[in-house]
Each structure stands twice: as structure tokens, then as C-alpha cells.
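Letters A, B, C and D mark the chains in the order given here, with residues in each chain numbered from 1 onward.
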């Protein structure tokens, strides 16, 4: 039976993965309220389709940070792709290049940045940083990524401590995943053991540290994990180039807004001064359309990429991205949007109260 | 056990049909959110019954486009009735004639228009057009329908591309249904193969094309698939004679309003200048009453007709229509409405907040 | 295991009764939306308890139409008690007398009014009338009830035609219940066959007929089935002495308000000029308290009486009433109400929006 | 498998306890609407996390009534701990002392106050009083508690009569629990039978009695069970030192507000003049954070303590408290709160309507 949508991949991936790997990938923090709400919140938003426009030509391409991409769809940073398939992030990178989307590579990649770049030399990639307590290690990572051709630095802000993931406590998962950390080893000694625990993220970073990061690199800096207008305004004040509205797939603090519900608050605060992206819960072309209608420049997907890897490796990721692009093309056509620029708030049905 | 209501027919039809036929008929686009909401939205609307009026005579008849019908209930266009029973649309036409309701015949009928007319020569029928890329073919279809006595031209506007129907992808349905297209073959060579794919609808049609359609026929033109005030206003501006508020049974764009929820917006925009109809989710006499109370002149039903066909052929369709008429009679009696003209907004309980 | 609450009786009654009897008693019209909502709506209303008042004495008694009753709880008219136990309405009458509550006896009682009165000569009873097409039969029934000591005439207004009860259609129930009609036979020939069909209620009665009923009797006239402010105002204008807000247990028109949700609208329209009662969905002492807090003078229960009959005959009805009285006593004690007069709207938590 | 959260203890406790003990502990009054809503209401409140503050030091400690505690988490009074483990309240007291939280000991403890104090001499404890009809017995209990070092007197106001607990009626529980009452026996004859029924609470107490209690003791007096602004204002007027917003775990009056939903009303009425606490439904660190953000000075937990006792005795209680403290630490860290003083209303996402 053909896999017809992203959730078909989810069901198959669940069969293919071990329980602890599945739980690690699928699980949310706490009771999973936010993880589930990320998906459910999209379904509550209704679209207003417009008809009888000439839809013979529909262009779904756009740009992010000035770079052309085939669709406003990218790959959110997730760790440990080797949990899902042998080639791990190298497969992901090849699929991203083939479909012409942006791949945000995680600090917790289970392949080295060098191997990832070699696997897909022409792909657009951003580097995601979990700030390390050893500040010099951050400097090395950033400058290494920049010299390897990554086009932006994505700093994750929502992990001053690791979220409370009950399934991982029950599965006693800690040690296994640490073995897969490849980029926190010093690049000179690529085959050694990781010198850090997965949980050892620097809790002390603050707004004051941003200027130091800016001094290290010419890359645009994008903050991932902002959910409030207050933090969005601080981000602008500290001269970041982009924001990813995200609740970390519901894996950090449970019982926060679905990311699509937090998006309008951030969009209103940012007032168009920088690009705003969103991840969390995107499972269909309609979801992409809704995020853009509410102001996002691009969406990123996390778990569906791992489902694709688990089902069919590189070609699975490619298929996931192609399905989403095809669905988004249909969603635009059926709402009367001939280009991404025509997508706007009038597509959204606000409450009829 | 007698079939007591339309959903009893649904349950039996599910048993009678093959899985792929059932899925094709029953399925919606995407995750089926709108398909299900079409039905659920009616249940959330509460009626306000009025009593102690002399209800010894209750008249449920009305008119559409000036033609008398036995009740404000008609048959929405659906394709491929031969998937459900041997005589297909000929059975449907006979049942519609017997119950004195309007039957909107689909471009995708699996019987020729000529056979349908011959089967039930006295029935009131409208012709539904899926605009074909070959513009001359449209002209032939419209003029053929007009000369066969169809009384209105219903142009479907919500299919610039086919909706994303996951079940049909999984069932790999495409080829089978194309075999049933009978009216897109040139009438001269009635037994040949269809010369078009089901999906090959002209995506380029626009408001500017309406005057061309108007130049081809004297029939009133009715647009099917309008869901917004903006498109309703454009329809008025382009001099159509009617609007069917519809989301194509949730089969085109998922996650739009239930059709009954979209109706008030269109009614407000149209201001009584043309007749407005609605389809989607009507399953009981109360649903008919609610649609009329909210401003519809008539409702149309789609899937229940196919359930009737699948269960008992022509007599099944007749029974479906008779049950709905009987229920509507009870609904009017229990709310104090002696004629369709007495149905109005006061029957609806708006929120008590 | 002791039966601890009314729904324990419901579960046991379901086991004891035949499917068709259970369906007849339990079923609602249409899809049962209103039947279920009658119960669910009570659960959504929150109480505001007040403490540290001296609750050593709590008096739950009250009056209706000037007659003292042990609690603001009575028995709504339901037909055919012999479906549930051998002695039928005679058992009901004895239990009502024993617990000192008002029993509204139905036109469709399966015992004669004479037998009911003989069974419990000291009980407070009202007579419920389904207006018969033969107007003289109405006159006979009313005057017979008055002479037998019934204290009020309850005219049901919500049955100009019988509701659409799908389960009864499926069970083909019609004939059986007609055999149980005892009061529509002329009293002279008490053992003959009923001369009317259950469904043959006069649909022509209207506000204009009320004066005729008033000319026949000195009993107070109470309208049962009013759900709107408009009809409440007309009732006042036509000089009725009371209103029972009711949707007939969800058995007539489906998809109307839960009766507790309709109560405030009627209370506001009546402005205290006549007593207002409510039935539908009352299953606990809290429900009684909420109805009184929202303005009802007394509640009536229907199905729970039949559950009591089916489980344990007369003593079952007595137990149902005693449980409800005991629960209501607890509810008053825990909200700080020492007498029924102290129950008011401040007990209800309106939305905190 | 490690027990990762409080509800893991709940599932295990259910296996360990007899049905009647489980029902007694787990059950609510009536239909359990409020019991369930206590938990569900917390899940509906969304948090607004703030990031990029230096979170290297997070202090979760606070004070109540001037006494330092390790976290704003305490033990609500519940009776009969010997139903759950052999050492009963002595185990609870030891675990409370070990984790440095306040333990409110119930009048219905199944160990004597003396044994409890001996078991954990350095622990912070308050004494909860169910007012007894024998007024002198109250005096003895209060002065005995004060001399044993209890630091506050918690008077429960929401039991003028026992709630209607259907499961206990079905289980016929009364006699068994009375055997466990140890503190209502006169202390001189510690091994005798209880001289009172569990249900024999004085229903006559009223606001006027508060001054008498105040004349008996120098301890601060805290009222437990207040849910309305009116009673909160009366409490202030009668010079109490604290309020516990509580619905008795949904065990007294069903269908009142979840305690977290009643908290804001009480906080607004109290205007910071006395400390306000809350119990009911707290199951996670996020719940603690939300209660504090809405104005509570400390939360108390009831059933989870009994789950800990049932699973692992003293160490189970300790683990329950340590999990909750650890989760609260994570919740503070992930919302940017470095101290309890930094927790405020801006953390709560009010409706986006």
C-alpha cells in the first residue's frame, strides 16, 4: 500500500524502530500535552478558499535569509539520526539537497559536520548550536560550521535544562544516545568518546552573551524556541536575524502553547523586521499554508524526517518532503494562491462568535 | 429491521460496497476533518420550538428557480452511480421524479444524459459542469444538456485541482473510475473510451470566463462551491442566478468550515438577491430545517443518495428521500412552521453567553 | 451491592427490561442529542458552596400550587408503567404518597385513574392531558380527573405530532403500547380496547383553545413543554397557573436546548408571576439544587421512576425518591442552604471568562 | 521500571491496595466530576516560558507562616494512612521531615499525634481539625497539638455533613475506617475504641465560633475548604491567618470548581492580606508553578502521598515529594524563574480570544 501522507510514515516507523528509540523520537515532556496540541491546534484553524482565479500556474518556491528554496518547508534540527538509519544525517542531507530545502543540522548529529557536507555538497544548511559550558568549544563549533559552508547559526534557547521526559527515565536511555555525539568531540580526534553528557548544556547563557556570539561569526543568528512577545522584542533589540517559534516539539516544557498558536503573538511583536519561522506539529500541506497565512516565512519539520529515515532511509526523507510539497501545492491551488506572496491572513477563518 | 433513518442506509451500504468503492464514496480530503465537521456542525445548532399553533395542515413544498418541488430537498451532483448499482443515474433519476425533487446530474455521470432523461422524462433536473480544458467540449455539453431539458447549469468552482484523497492514493483508484465516464465521450460515439482523465479539469477558469458561459445558454447559472462573502459578492457582480454553499462534501480542501457554518456569511453577502442553496452533512429533517432557518432556499444531499442506491437501487433512493421529507415534516410541525415561508432565524438558538 | 444512586437503578433496569421496552423508555427522538444533553448540561453548571453557617437544621420541604410537598421533587408524566412492573401506575402512586411528593399522572397511564386514586388515596396528584381530537373526550377526562381529586391540569404542548423515534421504528413498537391505554376508553366500558392510536393527538390545538379548557375546570392549568421566552409570555397572557420547562425528555424534537439550559430564558420572561418547574436530565441532588438556584420551584423526574419500577416495583420508586431527597439534603447542607427559600442564583458559578 | 512521575505511583498503588481501600482513597463525591476536573483544569492552563536569563542558580525554597520550607509543596491532611501502609502517619511524618516540607496531620490520623511527633521530631507540622460536636474534645485536641509543637491549626470548613460517596455506599465501608481513629479517643486511654463515628462532625459551627477557637490557642488559624470570594472576605473579617482553597479533593460537594479555577477569585478577594494555599489535582511540577503563578504561596498534595505509602511506605512518600520538587525545579528553570519570588502571573497564557 503506498504511503499517502506523513502519518502513514509515522505508523510504519513505529513498527520499524525499537521501543526505546521510538519513545525517544516520539515522546514529549511531561504528559505530552503540548506535543499533541502542536498537531491538534492546526486542525482547529479553518481555511477560507477563494475560487475562479486562473490557477494554471502555481509557484510554491520562496526564499529564507535571501536564499532560494523550492518550498517554504525545511528540516528542523533533531539529533541522532543514526537511531533511525545507518547513514544518519548523511542521508538526511542528501534528501534535503535533492528536494532543494534547507536542512538545519543539529549539534547532536550522529555524523560529523564534515561527513554531512561531503555527502551533499550543494545543499543549503544551517547549523544549530546547543551552547556548551566550555565557551571555547562553542567558538570552535561555530567557526567550523561557517567554514564548512553552513549559512546561518541557529541558537536553541529553550534548553537551560533538559525537559522532563518520563519515557526516557523509564527506558533509562541516557548512556546510549551519548555514544552517538560526534560533533562535541574535538575534530582532531574524530573517533574518540564524547567529552560531554547530552544534558550538559550551559544554563548560564543570557541575552548578554549574544554579542559574543555575534563577534565570532558573520553568519546570521537565528534564535530557536521563542514563544512570547517579550522574548521576541528582546531578540529584535539584540539584533538577531530570525526567530524560530518553537516549543521543541513539546519535548522541553510541557503545557505551553502549540507553536502555531504562539506564532501570531510573535509575528505581532516582530512587525516584519526579521523573518519568523515555526516548527512543531506540521504534518500536511494545509499546515504549511496556515503557518504562512499567519505570518511565518517558512516551516520546519522534525519528527517526520526521522519517520522517513526509519521507513526508507534517504529516499524516505525525500518522499516525506515531496509529499509535503505536493500537498502544499494542492492547498495553494485550492485556496487561490498562485504564489507564496499571495498567501495572507484572509485565508484564515477567525472565530464566527 | 426497517431502515429508520439515513445513517441506517449508510451502515448497510458500507456492508454492500467493496472497500475501494466505499472509500471513494465515503472518503474526504486530507484527514477528513471537514467531511466529519459537515455532519457535526449541524448537531451543535439548537432549535427553538414554538407550540400551540394550529398544526393540522403543514405544507413542506417550495420552489427553486421558479420551479415547484415537493420539499426543499434535492440531489447534489455525485459521479459514478454505477459504482453503487447497475442502473446508476437512471435509477437516481427515476427516484427523483417519483418524489418530485430536483436532481443535479454530474458531468461524471456513468450513464449518458440521454439515457437519464429517457429514464425519467418528467423529472426536474439541473446539469452540473466540471469545466473541461477543451473549451468546445464545454459548449457541447451545455447545449446538449439544455436541449435535453435540464433547467439550470451548475458550474463547480472548487476543483481547480483534485483534492488530496489519501484513501484513493492507497487504493490506487484512478483507472477504474475513468472507465465510467460517459458524458465526456463525444455523443456520436457513445460506446468508446473516455478521452479525458478524471483529474483533468481546467484549472485556468476564472471570473472572466463567466460571460462566455452566459453567452452559450439561456439557462440560469449557479455556482457550486462558494464559501466566502468575497466570492459571493463576486458571483453577484457576475450575474449568476444562484449559489450552492458547499465544500464538496469535504472532498476537495480539508479544514474549511462546515458548509452550514459558512452559510450565514454567504447569506449576509447575498442579501436575498439570488437563491442560495447548501449541501454537505444533511442527514435529517432537522438539518433541512436548520439550513432553511439560516437562509438556504433548498438543501442538496450527496452521499445518502449513493447509500440508497447501494442498499436498494432506485427504491432505496426513493426511501432515502421519503424519510428525509417525512422527518422534515415532523421538524416543521414540532417547531410550529406551517409552511416553508414561516421558517426563519428565530428558530435557531444562538449562544446564550 | 446497594443501589447507591439513580444511575445504579438505570443499569439494573436495563438488564431487567426487554430490549423493546428498554428502547421505548430510554430512547430519545432523532439521534438522542437532546436526551443526552439534558443530563450533560447539568454537569457543566458549577456550584459555589458557602460554609460556616450553622447547618444543624436543614429543611428541604416546599410547596407547589399552594400544596405542601416533602421536597421540590415530583414525578413527571410518563406512560405505560405496566411495561416496567405489574401494578404499573398503582405502584407509582403508592410510592409517591409514601414519600410525600406530587405525581403527575399521564393520559397514557396503563391503569385507570380510578385504580390509581384507590391505590393511594391521600397522595398529591396532577393530571396530564394529551389533547384528543375528540374534544368531548377531553372534557370527560378533565372532569373525571377533577372529581377524582387531581389538583391541577397539566396540558402537554409539545406533541402536535409524535417525535421521530428511530428505535421504535426499528422495533416496530406501535401496536403493543396501544394495548396499554386505559384512560382513553370510555370509563363505562373499562375493559374494552382503546379507541385511539397512541399517535392520534390533536394537532390543531392552539392558544385560542386555552379558554375552552379553562371553562371546563377550576383546576389550575399548567403548560408542559415550553422552551422559549415567546411561548412563556403567551402562556402568561393566556392566564395559565404554571409552566413546566421540558423537552419531553428529548423524545419529541431532537436538538433543542437541554431543559436546564432553557430554564433561565423562561424564568426571565415569567418574572415570578407563576410557578415554573423543569424536567429532563435530573439524576442527583445537585441537579435539583441547580434547577432551584436557576429559578425552578420544583423539578420532576421521568425515566428514573420507570427504572425504580423495573428494578423493585413500588419500593424501587420509593428508593429512587428517597435517594434523591437524601442527596438534595446533602447538597443543601454543603452549600449552606438551610431552607429552600435560601437557594438562589449566587450558588451558580457563571463563566469565569 | 523506574517510577517516573506521580501517576506512575498511582497506577502501582491501585494494584497494591484492596478495592475498597482504593475506592475510598481514589473516589470522589457524586459522579467524580470535580475530582477529575481538579486534575484536568491544570492541563488547560498554558505557561509562557521566558528564556536567555542566566539559570545557573535556581532556588525553589520558600516560607509559609514564617517557617522556611524546601519547596512550596506540602502534605494535605488525609485520614487513615494505615489503610496504605503499616506505620501509617509515622512514615508520612518521617518522609516529610526528610524532604523538609510541611505535613498537615489529620484529625483522622490512624496514629496518635504523640507517635507521629516522636517519629519525626524536627518536622514542620500543622494540625487539621474536624470540629467535634463535643466542644471540649476540640479544646483538648487543639491544646494537645499545640503542646506537641504543631505550628498552625487548620480548620476544615467544608464538612458540615459528609459528602455523598457512592463507592463507599456500594462497598459498605463505614465500620472499617472508624476502627482506625486514634486521636478522638481520650489520650489517657490510648488503646480504647473510638468514641465517635467518622461522620459525626459538628454541623452547627459557624463564623461566630471562630473567636472561641482563637481564644484556645496562640497558633495561627487557617481555614481549609474556602472556594468563594464571599467566604474569603468573611475569613479576613474574622482574622484568620491563612486560607487553603480546596474542594476536599472532590470528596465533599461534587460539581464545584476545580480548586485551581477557584484560586484566582479567592486571591483577588484576599488582596495579599494573608497567605493563600491550594490543594486538589496537583500532580506535577508544572502544576505547582501554575498555582504559584496564580497567587498561591504553597500547594498541598493529598492522594499522591497515599500512593507513595501504598507503593513503598516511607521511602515512597519521600520519592513522591522528591520527584515533585525536581519537576518544579525544571519548571522554574524552563520558564526563567530563578527564585519563587520571580514567579508571577505573566507566566500564564490567558485566552487568546
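By our rule, a residue touches a chain if its C-beta (ideal position, glycine included) is under 8 Å from a C-beta of that chain, and two chains touch if they have at least 3 such contacts.
Here the structure is a predicted model, which means the values were calculated and not measured.
Contacts with subunit B and subunit D are shared by A, C.
Look at the contact of subunit A with subunit B and you find different residues on each copy: under half of the numbers used there are shared. Distances between chain centres, each the mean of the C-alpha atoms, put A farthest from subunit C. Note: centroid distance subunit A to subunit C, computed from Cα atoms, is 60 Å. Subunit A and subunit D have Cα centroids separated by 43 Å.
Counting only residues that touch two or more partner chains, subunit C has none.
Touching subunit D in their complex are the following residues of subunit A: 30-31, 33, 157-158, 160-161, 163-164, 166-167, 169-170, 172, 203-207, 209-210, 223, 225-228, 230-231, 234, 252-257, 261, 264-265, 351. Within the complex formed with subunit A, the residues of subunit D that make contact are 1-2, 4-5, 8, 43, 45-56, 284-286, 326-327, 330-331, 333-335, 346, 349, 352-353.
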